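Common to both upcoming complexes is chain A, partnered first by chain B, then by chain C.
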Partner chain A sequence: MSTSQWPLWEVFIRSKQGLNHKHVGSLRAPDATLALENARDVYTRRSEGISIWVVESAHIHATDIDEAASFFEPSDTKIYRHPTFYEVPDGVKHM
Partner chain B sequence: MMQEAALFEYILRLSDDSLILGQRLGEWCGHGPILEEDIAITNIALDLIGQAISLYDFAATLEGQGRNHDQLAYLRYENEYKNALLVEQPNGDFAMTIVRQFFFDAFRLPLWEALMQSPIEQIAAIAAKSVKETRYHLKHSSEWVVRLGDGTEESHQRAQDAIDHLWRYTNELFYENAHDHSLHAAGLVPKLEIIQAKWNQTVKDILAEATLSVPAHNWKFEGGREGRHSEHMGYILSDLQYMQRAYPNMEW
Partner chain C sequence: MTQAEQERHFNDKIAREIKIEPNDWMPDEYRQTLVRQISQHAHSEIVGMLPEGNWITRAPNLRRKAVLLAKVQDEAGHGLYLYSAVETLGTDREQTIDDLHSGKAKYSSIFNYPALTWADIGAIGWLVDGAAIMNQVALCRTSYGPYARAMVKICKEESFHQRQGYESLIKLCNGTPQQKAMAQDAMNRFWWPALMMFGPSDADSTHSDQSIKWKIKRFTNDELRQSFVDATVPQAEILGLTIPDPNLKWNEERGHYDFSEINWDEFWQVVKGNGPCNKERLEARIKAKEDGLWVREAANAFAKKRALKKTA
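Take a look at the complex of A and B:
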């Protein structure tokens, strides 16, 4: 398996019309065209999707795990930001 | 009756091509150069074997001898298989497998497209389903021919070697005999000269894009369509037929 020179790609699949593309995994490929084909072969064998996006992993900028405390924890104490203080009227369906 | 025998032979060529190439591609399972390609090749193998099942079912109906698809696939003798010599050639290196696939896909796609117009309902239906699979197979094999040819010095050389080696088996894809002429006369299947013109164009375009050359030599090997196979065929059949002969009528 000599894949060391091939870039890593992240794969996103839209399962059906109207839904968002969701991240499903990653793979190796020499270029975008083959990344799409590989994604098709690896991730949509069982009719999982109708559209595929691939993005070179190197182009993704991610948050730093070490900064998680300052990035995310402050919102944990702001429960008033959740719409849980309202009573849902009986007549409302599909909530 | 005469026409049914002709059609039976015609369908066997299609199904045997699919079965034997599917079996060859299956040999890559677990041995692909990368995981993604390993899955891609075995997907193609499964598409081909699926096509073979539908075709054998139809052939069995035409024959009317009570045989089923397993018996046609697994219990005939070597000289009863009508696949082209091209598809039984060994996998070789990755370039050899890809070039073999490309030559075959470039033939199969226009053939399915033409067969979709056949007045025989079952053939048109099988062609309509298979054409989508084969369109992807050709896209995949063409992409790889271009990348190997226009890749490194080594990949270019290996791709060119594969083309030079397999070229001699390509002419047989367009083999026709008296049976075919009766089917043409009845308007049931396309003349292969039309398919060959399309094949020539596809091969010319893709090889040019891949910076590969069309071989100058004009060797032509034939025999498969008449049941005369290369020395590789017996080994394929011993693998393919072992289970059905050891455990008659077994099913998965």
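Take a look at the complex of A and C:
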């Protein structure tokens, strides 16, 4: 039996309390328990993490890279969502 | 988008230093070059464990043994980051490994030289990891995102690899005359193979031009080799070791050290599989895969059993 039959897992690590889990890479493992142990050995040999998530890559849904321009267009056109859009007289403080 | 538009978009990203990510459109040749280079890099990390692993049980004391173990574990980790990066290009991980075992894929020729004495372990850390770092620091800015990210992590971890080797050689060089002689002997055998690690000279490098244009490589082989020589000569002086090259001399005008021509016949012989340890290294990798089969099967069986228990 080959390792190709082991699913691919994406690894996310929280480096310290208060920060998000962040994607660090992937690995192959037969199940979640071993994926977590392998992730510890591969990605946290120098105390890089206090918490690990592993997610089977097949379960990740992603936006289509070719549709990205139109998909994200609504937010690109709304500059009035940013504070710099508004003019405030000189001298106004704490705003 | 038409193919031409996609190509223009791709070239524009490269020009603007925007990283290429796995699902982005890329020219087939860019993909193939990356698969070849990253997998070769991954194989080098894995095969690189063999000459050093051989010395773990014979390290002179517990401190050196713990250090060597940690270094070899790092190399395994580095191989895995890189296999994971190759996989983002749509290749099959097991096929990538089998390509090494069939001889289709290459790995760094340096690992086809034997580690004969304890001083060799110091020389490998200092010179071989030193040369690798020179190359890898440049690759942190490579244009393919997953490769660049793997390189950043690897570089962070590898700086101790070079320092521990150098430290170990300092001990030997300040030791008995026999120990100093052992260090010099290691230097004599590893200097030229370390310079060969940067690959063929620019004039003979088949992939170099395009790789520089695509920003896969940021410096040419000869540029990196020169940087390595310039950085290493003063380090050798502090050790009190002689670099085995009668033509090695500071060139005021160039602002670099001049050095002799590499023995390219030897380089190509080792690349073609005729180095001192090529056969042994490949056999060891194939054996490791075959002997580990029962472990992979047991892991599968255990995963299945646990899954059944969960549903029951």
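Going forward, the second predicted complex is superposed on the first by the 81 of 95 C-alpha atoms of A that agree within 3 Å, B and C clash if a C-alpha of one lies under 4 Å from a C-alpha of the other, contacts with A are read in each partner's own complex, and residues count from 1 in each chain.
Keep in mind that, in the parts below, contacts are C-beta pairs under 8 Å (C-beta built on N, C-alpha and C of every residue); 3 or more make two chains touch, one makes a residue touch a chain.
Since this is a predicted model, take the numbers as computed values, not measurements.
Engineer: Determine, under the contact definition given at the top, whether A:27 touches first (chain B), second (chain C), both, or neither.
Structural biologist: Once the two structures are laid over each other on A, A:27 reaches both partners.
Engineer: On chain A, which partner's contacts cover more residues, chain B's or chain C's?
Structural biologist: After superposing on chain A, more of chain A is contacted by C.
Engineer: Is A:46 touching anything from chain B or chain C once the two structures are fitted on A? First, second, both or neither.
Structural biologist: second
Engineer: Give one of first, second, both or neither to describe whether A:37 is in contact with chain B, with chain C, with both, or with none.
Structural biologist: A:37 sits against chain B, while chain C stays out of touch.
Engineer: Quick one: is A:13 in contact with chain B, with chain C, with both, or with neither? Answer first, second, both or neither.
Structural biologist: Neither: A:13 stays clear of chain B and chain C.
Engineer: Thinking of the overlay built on chain A, is A:65 touched by chain B (first), by chain C (second), by both, or by neither?
Structural biologist: Touch partner of A:65: chain C, not chain B.
Engineer: Applying the touch criterion given at the start, work out whether A:54 contacts chain B, chain C, both or neither, answering first, second, both or neither.
Structural biologist: In the superposition, A:54 contacts neither chain B nor chain C.
Engineer: Common interface residues of chain A with chain B and chain C?
Structural biologist: Comparing the two interfaces on chain A, one with chain B and one with chain C, the shared residues are 1-3, 6, 27-31, 33-34, 41-42, 45.
Engineer: What does chain B use to touch chain A in their complex?
Structural biologist: Chain B reaches chain A through residues 33-37, 39-40, 43, 136, 139-140, 143, 147.
Engineer: Give every residue of chain A touching chain B within the complex, in rising order.
Structural biologist: Contact set of chain A toward chain B: 1-3, 6, 27-31, 33-34, 37-38, 40-42, 45.
Engineer: Under the definition above, what is the set of chain A residues touching chain C in their complex?
Structural biologist: 1-6, 8, 25-31, 33-34, 41-43, 45-46, 62, 65-66
Engineer: What does chain C use to touch chain A in their complex?
Structural biologist: Going by the criterion above, the answer is residues 1, 21, 23-25, 70, 73-74, 77, 80-81, 84-85, 87-88, 92-95, 146, 149-150, 157, 293, 296-297, 299-300, 302-303, 306-307.
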